[in-house]
Structures are given as structure tokens and as C-alpha cells.
Amino acid sequence: MKSEYLELKRACYEANMELPNLGLVVYTFGNVSAVNREKAVFAIKPSGLPYKDLKPEDIVIVDYDNQVVEGKMRPSSDTKTHAFLYKHWQKIGGICHTHSTYAVSWAQSQMDIPIFGTTHADHNTKDIPCAPPMSDELIAGDYEHMTGQQILDCFSEKNLSYEEVEMILIGNHGPFTWGKNAQKAVYNSRVLEEIARMAYLTLQINPNAARLKEALIQKHYERKHGEGAYYGQEGC
Amino acid sequence: MKSEYLELKRACYEANMELPNLGLVVYTFGNVSAVNREKAVFAIKPSGLPYKDLKPEDIVIVDYDNQVVEGKMRPSSDTKTHAFLYKHWQKIGGICHTHSTYAVSWAQSQMDIPIFGTTHADHNTKDIPCAPPMSDELIAGDYEHMTGQQILDCFSEKNLSYEEVEMILIGNHGPFTWGKNAQKAVYNSRVLEEIARMAYLTLQINPNAARLKEALIQKHYERKHGEGAYYGQEGC
Amino acid sequence: MKSEYLELKRACYEANMELPNLGLVVYTFGNVSAVNREKAVFAIKPSGLPYKDLKPEDIVIVDYDNQVVEGKMRPSSDTKTHAFLYKHWQKIGGICHTHSTYAVSWAQSQMDIPIFGTTHADHNTKDIPCAPPMSDELIAGDYEHMTGQQILDCFSEKNLSYEEVEMILIGNHGPFTWGKNAQKAVYNSRVLEEIARMAYLTLQINPNAARLKEALIQKHYERKHGEGAYYGQEGC
Amino acid sequence: MKSEYLELKRACYEANMELPNLGLVVYTFGNVSAVNREKAVFAIKPSGLPYKDLKPEDIVIVDYDNQVVEGKMRPSSDTKTHAFLYKHWQKIGGICHTHSTYAVSWAQSQMDIPIFGTTHADHNTKDIPCAPPMSDELIAGDYEHMTGQQILDCFSEKNLSYEEVEMILIGNHGPFTWGKNAQKAVYNSRVLEEIARMAYLTLQINPNAARLKEALIQKHYERKHGEGAYYGQEGC
């Protein structure tokens, strides 16, 4: 089985298989993709295939216009959302979508997740945005394509940078996350789930809990991501 | 040990063994059955046997009138409920009953589970019905038989189709689910538990959370189950 | 290592080792004992020994007056409570004490656990009693001995039978459970934890949730424990 | 690879590896250190290294003035907090920092954890303190160093002894725990997480739950830690 996409499929496969291990999906609820910018294609999980049955060769290669380039199976039903984001956000290398419990519960609440602590600020400086459900007209149209548009619109309206905030909740649906590669996108899904759970518990313990103050937001974000960052190892 | 029901017993056994693996039962709390429509019998877990001790040959074969056709052990105490449903709902192939934590908690609350998101709409378009507890007269009578009647009455009163909504909560008791086969019935129990958990969390985060709007309910259900469904692989 | 208590120690050891497997204890939080009525002694876990280090030969043999009969280690700090119960309740064969999360949380709330559903009624027909904290004088006295008295007093005041209700919460402390043998005592601790969790969730979903009605309480308890019981296998 | 710190690194490594096993960390969220008082150095986890990749030789040796004594990797970004505590609290042998779910949620609520039961009193007699966030000036300065100062100030203001209360919450951040060695510091993090979870659940079940009364606090603490302690084995 010769293919010029073996490495891309492997990276996509491994990132997908992280999801059940991390407790982020049951059955077929979720999908991860990995892009190859030079070839302008991305690898994505086939639709409706249980993770326990997934093999690297099942991964489907698709271009930014949703055309299957290689693969015998039908790609994820969310493929058009992935394609839309890859087309518009040139610097992302991977995308992850799950129905993880706490992130979905916030999405079903149609509420942004407030930044309550340093666990959140270690990853970005904003409340995690929750995009409002799209209009009935758009739903009836090219739904998954418009989900990509919905994400872009939400980031535009809230004046967010996709390079800083690598996660969003789609109202009444669930989370999408992304990053420099598929592995980082999955990492962000796991982090989002934990942030969502902690924020939920915080409001149960103290309904009047205050947002993290700006000085701490900046301090924690900068020590990990700023110019003088000193978190982690050199070159990591 | 010759038997014309070996395959049926095996399918029933394997579906039962999924329950502890999926975290849906402790000890003996639950049972799955699988029907053979041609022979008009179903296979069901023996009563009160811990899952860790269960073997395929322990599975009991019963007809629609609750008579044991094959097997040395006493069938599940809920056998009459299974028989009733198989008799009245010709298109189901498997039934599952558990005492899973979140589904039971909604049942104990005597509340339908509102449809809050696409995770729910991917499986059906209605609130998950909770049947009110039966009258004292019926409880004192043929209780497990009448539990089947209770389920049918609830679907009739709420104008639901058992082919679309493959799950119900029995008030103060717990969930029953079904499907084209035993494996699908178990799948539905796992999905119901997740939906129940997410709906609980949603109401904790936002007590005024709104039901999913109709356009999204239809979109998600149709893309997976409608005529032009494009979720999953061809023929799956 | 000759001993006339090898079998008793083994039964006690195995019941203790169930606790971490069932998620009911962390570190050293809990203890199980098993009685031999003929010899009028019981076997109990040594105090403060982590479960991962526990071996059958570490189990200590104690009589009903708290005297160590065999064993090199100090018995559980709760030994006097076990001894007291064995002395006063002739028909029990095992006792289990844990600090399991949900049972402790109800104990810290100083509230009985209401009987909300059939999962509860399958095991007994009463709210799970929570004994109020003992007086300062008794605490300063023979505390663990008086904990036994506290349990008896609570059952007496609430007119409960220890043969039916095999579990109690000690206010601000945690659960004690018992049964015909040590294994059943552990089973009851696991069941109590699940009942406690479901009752907590039920009240979160519906703060006005009603107790299970009497007809259902009796039906479920009787079908499992009554004269005409048909749950489980003959002779089990 | 010769080193005079092999044993210290090994102890630090093993304590760190307990964190993912105990469910207290995901990815790189947390760090444990172990001190050698004679050599006046401590061993600490490298910054940003996933636990699954951690090896004993990666552990970094640092002195009380934050200077790396041995090791190729950058030490934890929280190193200065550890150094500060080792310098000021002569009797501690290990320190642990995590972002465990329930402890962080209380920290994000900026609330002390009330002492509601004996599980808590078995470990100390006080509410678990939550230090208020530091001033913007201090955050902008030597943040991790000042986190140590923040901890000392909180203990001073609340008149607490670090030898009795071996845990604190940093407001909006998360828990630090310590003990006679690194293993005990990790033990305290696990215990704190359980206490935090039980206190949360207690307030959900009974918002008016009362603190444990003083006689029980003293009784449980003294039987485990007092002069006449009888919990555990001699010399343990």
C-alpha cells in the first residue's frame, strides 16, 4: 500500500487514538485531523468508525475544498468544518473535535467559561468563547461549512486571536480545539475539559467567584508563552 | 452441550459483559437480552449472578410467554418486562436494563431529560421520557409484566415511536433501552448515561438552559438517521 | 506459621483487599473484620497499614473484649467498635468501615439518606440512618467503644432492625456496614456508596424529589428478600 | 553517570511518578521536590516535562538560593517557591504542588476548606487555609519567590503551624503540600484532594452543614498524632 501520505496518516491516527485514552470520547464521538501545508491536504478520521476498530490505513486524505484525495472510507461528517478552518487559519496544523462531558455541558449552557485561575491562564488569557447557535437558514444550508464560519465570526466579534486562544465551544454542540499539530490540538481538548470541570466546580462552591485578576493572567501566560518565558525546556 | 441457541447465547453473553466494562453496572445490577425472531425466543442473563461469574452457557432461553425453553438457572427477575416488549415491539432485537448512576438519578427525580444538545439529537429528537410510577394495584399484581405495559403506555401518551426513541426511564427505578440487537441496546444505555450526565451538569451550570432549537434537532438527527444521511460508512 | 485462624484471616484479608479495588478507600482509610462465632473471636485489619502492603498473616485475631488473641501487629484503631457490635448483634458475621466519598459527605451533612428508588429498596426499606455525633463526655471517654453504643442507640431510637438495615452513617465521620460475612459487609459498603451518590444527584436535579412510595418499597424488597422471593438463584 | 545525589534523585523521581498514578495531575501540571538537609540542596522535577517521559536522571539538584547544582534540564518554574519554603521551614523534607481538580476549585473560590469531618481531623485540626492572591506589585516582581512569602504570611496571619497543617491553597492557583519527606508531601496532596471533594459534596447536600465539633477534632487528631496516639503501628 504505497502512499505519499503515510506519515500524515500515522500522525492523525495516533492523535485520534489519544482521545479514548484521555477519556474524551465514547464510541465514535469525536475526530482529529492533521494538515500537510506543503501538499495542501489534511488527514482525518473516517466517519462513524469506533476508535477500537480504527487503523492508520483507514485515515482519509482530503483537500481544503472537501475533496477526498486518498482513502476508501467516507471522511468525518465534520470534515467541512476542518477544511474551512485550515483554509482560513494558515498557522494551525491540527484540529480536534470531541463531545467531552464538561466542555459539552458548558456549550449546552451557552456560556463562556470564565477564567478563574492559573490553570486557565497558563494556556490563554481570555474566557473560553461559546459561539451562539447559528440561524435556522444557515443550519438548513451547508451546515458543517457554516460551522467553520461560525467559529471565525465568533473570534472576530470577540476580537480573539486563534494563535492565542486555541479552543472554542459551539453553543449546544461541543468543543473544537486546534494547535500547531494534531497532538497539540488533542492536548488542548484535554486541557479544555479540565478547565471546564474546574470552572463548573468553582461556581458550585462559590457562585460569586471572581475572575482571575489581570496581573495574574498576564504573569502566568507570559511565563509560559511570552518573550521571556521560563516555563519548560529550551526549544520545547 | 448441544444447543440450537449457542449463537444467541453468545450474543447475549457478550452484550451483558459490556455493562461492567462500560461502568454501567456494579455487582448484579442489570441485564441484557437478545431475541431470535424466527424461533420466537430470547436469551437473557440469569437472575442475581455477578458479571464476573457469568459464562455463556449460563444464559437462559425464554419464550414470549415467560416460559424457560432452555437453561438450568432462573432467568432475570425482569424477564417478563423483556418478554412483554418483544411481544409488542416486533422490530427490536435486544433490550438492556441497568441501574447506571445518572440515568437512575433522573428517574428518581421523576423528570424527563430535556434535549439540550447535539449529542442527544444525534440519537433522537425527543426529551428522554420518564414514565410515572405505576399504581399500587398494578405493583401488587404482575409487577414486571406491568412494567412492560407502563413503558408502552408512556410511549403512547407521549406519542413516541420506539423505533426512534430507543430509551426510557422508569420513574424511581431506572433505564430500559433497546435496539436492533443486544449490542445496540447496550450502546443506547451508554449513550443515555452520558446524555443524562451532561443534562445534569448543564442545569447545574445554567438552571435556565434552553432546549436545543428545532432546526438543530432535525439537522443532527437527519444527518445521521434521515434519508440523505451522510454520517458513518455506507451500509453501516 | 501454624494457626487455627488461617481460614478466618484469609477471609478477612480478601474482604479488606476488595476495598481499594472497589474504589472505597485510599491509603489506610478503612477496615474490615470477619468473626468466628464458635471461637468467639474476630479477624481484623492491622491499624494504619496501607492496603498495598497488607498480607494475610498481618491480620490480627481479637476477642469480644478487645484482647489480641493472635498477631504481632496492633489491630485497627476502630477494633472496639467492631467488638461491641459482634457482642450485641449475634447474627452478623462481618463488619466494614470506610471513608468512601459520598457516604462520608452525607455523614458530614448529618442527614439520613432518603429512600428515592428501587436500587435502595432492593436492599432495605428505610432511609439510611445517620447517627448524631456523640456527646463531648462520651468522646473523651472510651470513644471507639461508645461508637458501638452510638450505633445501637440510633437503631433503637429509629426502631430499626440490624438484620434488615445493614448500614449506618456516623455523623461527621462515615459509614459502618455489616452482613452475614465479611464479603457481604463489603458488598453493603459498595451499595451504600452508590445509593449515597444517586441520592445526592437526585436532590441536585430535583430538590423536591419525593421518597419512593410504600408499595414500590415493599415490592422490591420482598421480591429479593421476602418469603416468596424470586430474585437470584435457589439457595443463593 | 556518577553523582552524590543518586538516592535523592530517585526519591524525588518516585514521588513525582505517584502524581499521575493518583490522578492528581495531567500532562505536566505539578511538581515534587525532596530535600537533603545535610547537603542543603533539593531535588526537583524539570520544568514542563511530561510525567510519561520523566526519568530519574532528569531530576535537577538545586540549592536554597535557586542555583542549579547538578542537572542538564531547567528546574520546575516553581523552584523558587520550593527553595523559599525549605529555607524557612527547617523541618520539612519534601514539597508537592499540583493542579488537582477539587483543591484548585476551592482555590479558585478563594475559600478556606471547612473542617467537616473526621477524615479531615485525622490529618489536622484547622480549616485548610486559602491564601488570598498577592498584590499586583509582588506579582510583577519575583513571583515564585513571593509565592513562598505568601504562604508564610498566610500561616503567620492565621496563626498556623506548618508542622501540623501540611497543606495550603494559593488563591486562584492551587495547592501546595509538604511533609517529612517527598512521599509524605504527595500523600498530603492526595488527602487534600479527597478532603476538598468531600467538603464540596457536603455543602451541596447541606448548605448549612456545621463544622466538626471541637471534641471530635481533638479526639481524632490526638488518637493519630497526640502523645498517647494509638493509630498505626509502633514506630510508624
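Order of writing sets the chain letters: A, B, C and D. Residues in each chain are counted from 1.
Keep this in mind: contacts are C-beta pairs under 8 Å (C-beta built on N, C-alpha and C of every residue); 3 or more make two chains touch, one makes a residue touch a chain.
For clarity, every value in this text was computed on a predicted model and none was experimentally measured.
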{"item": "Intersection of contact partners for subunit B and subunit C", "value": "none"}
{"item": "Interchain centroid distance [CA atoms averaged], subunit A/subunit C, Å", "value": "46"}
{"item": "Euclidean distance of C-alpha centroids - subunit A vs subunit B, Å", "value": "33"}
{"item": "For subunit D, residues contacting two or more additional chains", "value": "204"}
{"item": "Chains grouped in pairs wherever the two touch, ordered by label", "value": "A-B, A-D, B-C, C-D"}
{"item": "In the complex, subunit D residues that touch subunit C", "value": "116-119, 187, 190-191, 194, 197-199, 201-202, 204-206, 209-210, 212-213, 215-216, 219, 223-224, 230-234, 236"}
{"item": "Footprint of subunit C on subunit B - complex, ascending", "value": "26-29, 46-49, 73-74, 77, 99, 101-102, 104-111, 133, 136, 139-140, 143, 172-174, 200, 203-204"}
